[in-house]
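Each in structure tokens, the structures are laid out below.
Next, two complexes with chain A in common: one pairs it with chain B, the other with chain C.
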Partner chain A sequence: MGAQMAKRITLGTIAARLALVCVVIFAVFPVIWTLLNSFKEVVDIVTPTPKLFFSPTLENFQYVFERPSVRLGLTNSGIVVFSSVVIGALFGIPAAYALAHMKSRMGEEIKFFVLSLRFLPPVAVAIPLMSIYLDLGLYDTRLSLTLTYVLLTLSTIIWLSIPAFERVPTNIEEAARLDGYGPYAVFFLVALPVAGPSLFGAIIFSFILVWNEFLIALMLTTSEAKTLPIVASEFTLLGRNVPWGILNASVIVLSIPPLIFLGVLSGFLNRMFKK
Partner chain B sequence: MKAKSHINKVFLGPPLLVLAILALVPTIAAIVISFQNKELGRRGTSFVGFDNYISLFSDRRFSNAMKVSLQWEAITVIGTMVVAVLVAILLFETTRGRTRAILSTLLIIPVLLPRVTAAFVWKFMFNPLLGVINYPIKELTGKPIEFLSNIETALLSVAVVDIWQWGLFFAVILLKLLETLPKEPFEAARIDKARTWEIYAYVAIPMLAAPLISLTFVKMVESLRSFDLIYVMTRGGPGIVTETLDMYAFSQGFVESGRISYASAMAVLMLLTTIITFTVIFKWVRKWQNA
Partner chain C sequence: MSNITCKKLTKKYGDLQVVHGFDLDVKDEEFIVFLGPSGCGKSTILRMMAGLEDVTTGTLEIGGRDVTTAEPGERGVAMVFQNYALYPHMTVRKNIAFGLRRSGLSAEEIETKVNDVVKMLALAPYLDRKPSQMSGGQQQRVAIARAIVKTPEVFLFDEPLSNLDAKLRQQLRVEIAKLHKQLKTTTVFVTHDQLEAMTLADRIVLMNGGNAEQIGTPQEIYTKPRTLFVADFIGSPSMNFLPGKIDGVSADTSVGKFNLGAASFAAPTSGSATLGIRPQNISLVQQNDTDIALKGTVVFTEYLGNEVMMIVDCNGTEVSIVVNANDILDEGTDVTLFLAQDALHIFDTDSGLRLNND
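For the complex of A and B:
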């Protein structure tokens, strides 16, 4: 009986281990495969049998970084994303602090308004804005794209920063108040430093959101203000005799900034869901 | 007390004003434009009343797009939640400590990738000539499966990418939620000789009902953002099999014909539908969770 039991458990354990391996392969293989392909010459990609071993080349990346369109896309993405995240954080973090302390019905309604902005379909925002920016002569500029992205960064930062401030123990803030700190001093000298790490996570989250954004950028830019995802998508839509290695390299380049923050976001998730 | 309301005004006033302007301007503009006959590259517009809306209701491609969008919502939301629950349980049962932490980090890689990257990565793997997925299929059956240009498989194949990104991410969140549950009910169920799946079906999942419903809601909202995947992988094809509402509105308002007003009418209908639906669901979920 006991032996039978043990056998059943091992069988189950083996099956579970196998399933786990499959899940991990499903998760990371596509990325690793793309990474490998980005270092391959075309002859190593266009093979009847997929090649795991080959002599790597940096040509693909060299080609990608030498493209004027990629350089412009990098600059545009950098400027637009950086400005919209900074503006979003400057306005959003104080707003989240105020909302975290508002226990009234009014506070609830404002929180819902901020959340409901995420319900807006991006295409429904982009179509009218395209028309407005064309009329104002702001179409295809970094300014108009930044402005539009502030809608995304600001609402996301507010929404993710509220729990960060709610987790600041109230007795610390009370103690500071008894020590004669004014409300602004409590915010800047007590709440901000204590909530700091979580707030950083929220900011990074909004950074990734706009860095990856595609539809709005596609509709609001044509040449001057094109961001990197648009440039990369143009690579991927090339015709028949496609330079596959270059395509793989271009999407890898596009993905580096979000992946740099993998550790930060992992820590952010841990804090968000800790009791 | 007075100082406190002062700081609230300073901290909340400007951001709310910015948000209100940024959200209301396009919304109102969409409504106004939808009652006009505005086209890109053509001067002079006039008001045409409900003409655009009336044309939409007899537009076969529009009703097709609605159908595709609903299919997309259903497939990706259900797929994501099923994958998330199964993978979370698998990780909770078979891993601990450092291994679990490392695997959790690996599983959030897909969701961090730009959608353009995710779409391309899979488009390349699905490729009938060079794709790694088709390699074993070709070895076994002699011919590849045209995942993205076959009517039967196109939408499902794109949905796989979405589930790859969101299902694994939600699995990590659920894993963290499982970790916060008290141990006693699990042990009690084990003493009663409950099978593993019974413990989850009757103990753990009901305890996590509230966050599970919230996650489902988040995914419903996020599934509206299907455009990038479909644009890169199929462009709505083959034919219009994967043409969702945002894809159709985009092609009408932008590339094909520049019919801004017609596209705006679509945008307004989408806006109304999503805002009403999600507001109702959100309020209902909150009431249910507070009860």
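For the complex of A and C:
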């Protein structure tokens, strides 16, 4: 009886593991294939029988990095994403702290408003903004794109930081006030360091959000301020002969920064869901 | 001099009034304990003293200085919280020194002061640990050290021992009492544990529903409870209450009629009175001819070590008594209880006030 139980459990476990392996392969395989393809020459990619073993080449990456449009896209993405995340954090974190302490109806309304900024589909925001920027002569500039992205980073950072500050025990801040510290000192010396790790996650999350942003960038830029996702997508438009290797290489270039941050983010998510 | 004076303090949360005109004079070096049931406003008053809650009306003075609206950091108070409230990102050493960094002391002076309290509370082995690496008792000792190091005019404690297990609670209670003997800092200590209140307090403020029901020394509160509420709240097991009527010296209660000629008390306004007697003041042998004798049957016994608590059914009313463990009786035994008249408390049932003349 006992042995039977053990056997059934083992069988169940094996089945579960198998299912898990299938799902993981299903999810990861395209990514790995993309990675492999980015090192292949076109002939190796378009062969009817997929090749696992081939002589790798860096040609695709070389091509990608030599393209002025990619370099511009990388610069634009870097500047726009960095600025919007920094501005979003600079204003969003103090705002979240204030909101976490605002125990009134007004506070709830503001929180909901912040969340509602994320309700609208991006296109609905982009079209009016496009005409505003056109009028102001800011269309297709890094400035206008940064301003727009700040809306995204700000609301995301505020929304994710409020619970981080709410988890800081009130008594700790009260103890600091009794120790003679004013509101700013309490924020910088106590609340910020205690909530720190969770806030870091909020920042990373907003980074990934705008790094991968496509629709708004597509509508607000045409040439000067194009970001990397837009540039990468344009490789598909190069004609009937799709340059698969180059396309794959550009996808890899695009994925690496968020992947690096994703590692950090997973730590944050673990922390979020453990509590 | 760091006395505390509360004059007609009130506190309202919106429309809900939780403190109703609280008056208290805490003398310099005094150890005051706020005792009362949950939700009676103990923490609220303590937090108003600390400056963590606004005072709705009334004034608050510390050391003769009006601090009603002063910032918490400007009041010269240090507070210890129930949940320790240590800064989790700082080591023990930094936690203790944090409050001194605003005081304009030099690094060496801070170092000296920190080392002094660390010695006082035997915290040396933990100095470089974070709070999360310590037990609750150790954390609370750090919190106490953090309060002491500031040499405040007043210590405020909000149920500092409630999160600790019984043994640790007793240890730390003794430690707090010793520290007060040594430092003599004026202290206000909130608890709902009467043992803590009785052992620590110079005076107890017994709170009920946002009011001070009685303010007095532990003896006064125990031997002369001002009201039925105090009599019921203090003492373990609780005082026995026998409601009835009093006419002159004769009492007519649920357990029978008897003569109260040996007790001295004022007449209750409407004649309804409640007699109260502590289980410890009831004897199984007659001590005095004026003792009130009650016949009954033991229905329940509880062995407490050197004492035993028994519940005796007297004519339908349950009376609890505490006697020496050697005198334990089997359940079902018929007994006669003797109530000493000089230990009898007589309360006016309508107003709840004690009527004894002493």
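Going forward, the second predicted complex is superposed on the first by the 264 of 275 C-alpha atoms of A that agree within 3 Å, B and C clash if a C-alpha of one lies under 4 Å from a C-alpha of the other, contacts with A are read in each partner's own complex, and residues count from 1 in each chain.
Going forward, contacts are C-beta pairs under 8 Å (C-beta built on N, C-alpha and C of every residue); 3 or more make two chains touch, one makes a residue touch a chain.
A quick note: this is a predicted structure, and the numbers were derived from the prediction, not measured.
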Superposed partners chain B and chain C on chain A - clash or fit: fit
First, second, both or neither for A:Ala19, with chain B first and chain C second: first
Which of chain B and chain C A:Asn171 touches, first, second, both or neither: second
Touching partner for A:Ile79 - first (chain B), second (chain C), both, neither: neither
Partner chain in contact with A:Ile208 - chain B first, chain C second, else both or neither: first
Larger contact residue set on chain A - chain B or chain C: B
First, second, both or neither for A:Val42, with chain B first and chain C second: neither
Which of chain B and chain C A:Tyr181 touches, first, second, both or neither: second
Touching partner for A:Pro193 - first (chain B), second (chain C), both, neither: second
Chain A as apex of chain B and chain C, Cα-centre angle in degrees (nearest 10): 90
Minimum C-alpha separation between chain B and chain C after superposing on chain A, in Å: 7
Touching both chain B and chain C, residues of chain A: 182
Residues of chain A that touch chain B when the two form their complex: 13, 16-17, 19-20, 23-24, 26-28, 30-31, 33-34, 37, 45-46, 49-50, 91-92, 94-95, 97-99, 101-102, 110, 112-125, 127-132, 134, 147-148, 150-151, 154-155, 158, 182-184, 187, 208, 211-212, 214-215, 218-219, 229, 232-233, 236-237, 244, 247-248, 251-252, 254-255, 258-259, 261-263, 265-266, 269-270, 273-275
Chain A to chain C touching residues, read off their complex: 169, 171-172, 174-182, 190, 193-194, 196
Partner chain A, residues of chain C touching it in the complex: 50-52, 71-74, 77-79, 81, 83, 85-89, 98-99, 102-103, 146, 150
Residue numbers on chain B that touch chain A, as the complex places them: 3-4, 6-8, 10-12, 14-16, 18-19, 22-23, 25-27, 29-30, 33, 38, 40, 87, 90-91, 93-95, 103-110, 112-117, 119-125, 130, 132, 135, 164, 168, 172-173, 176-177, 179-180, 221, 224-225, 227-228, 231-232, 245-246, 249-250, 253-254, 260, 263-264, 267-268, 270-271, 274-275, 278-279, 282
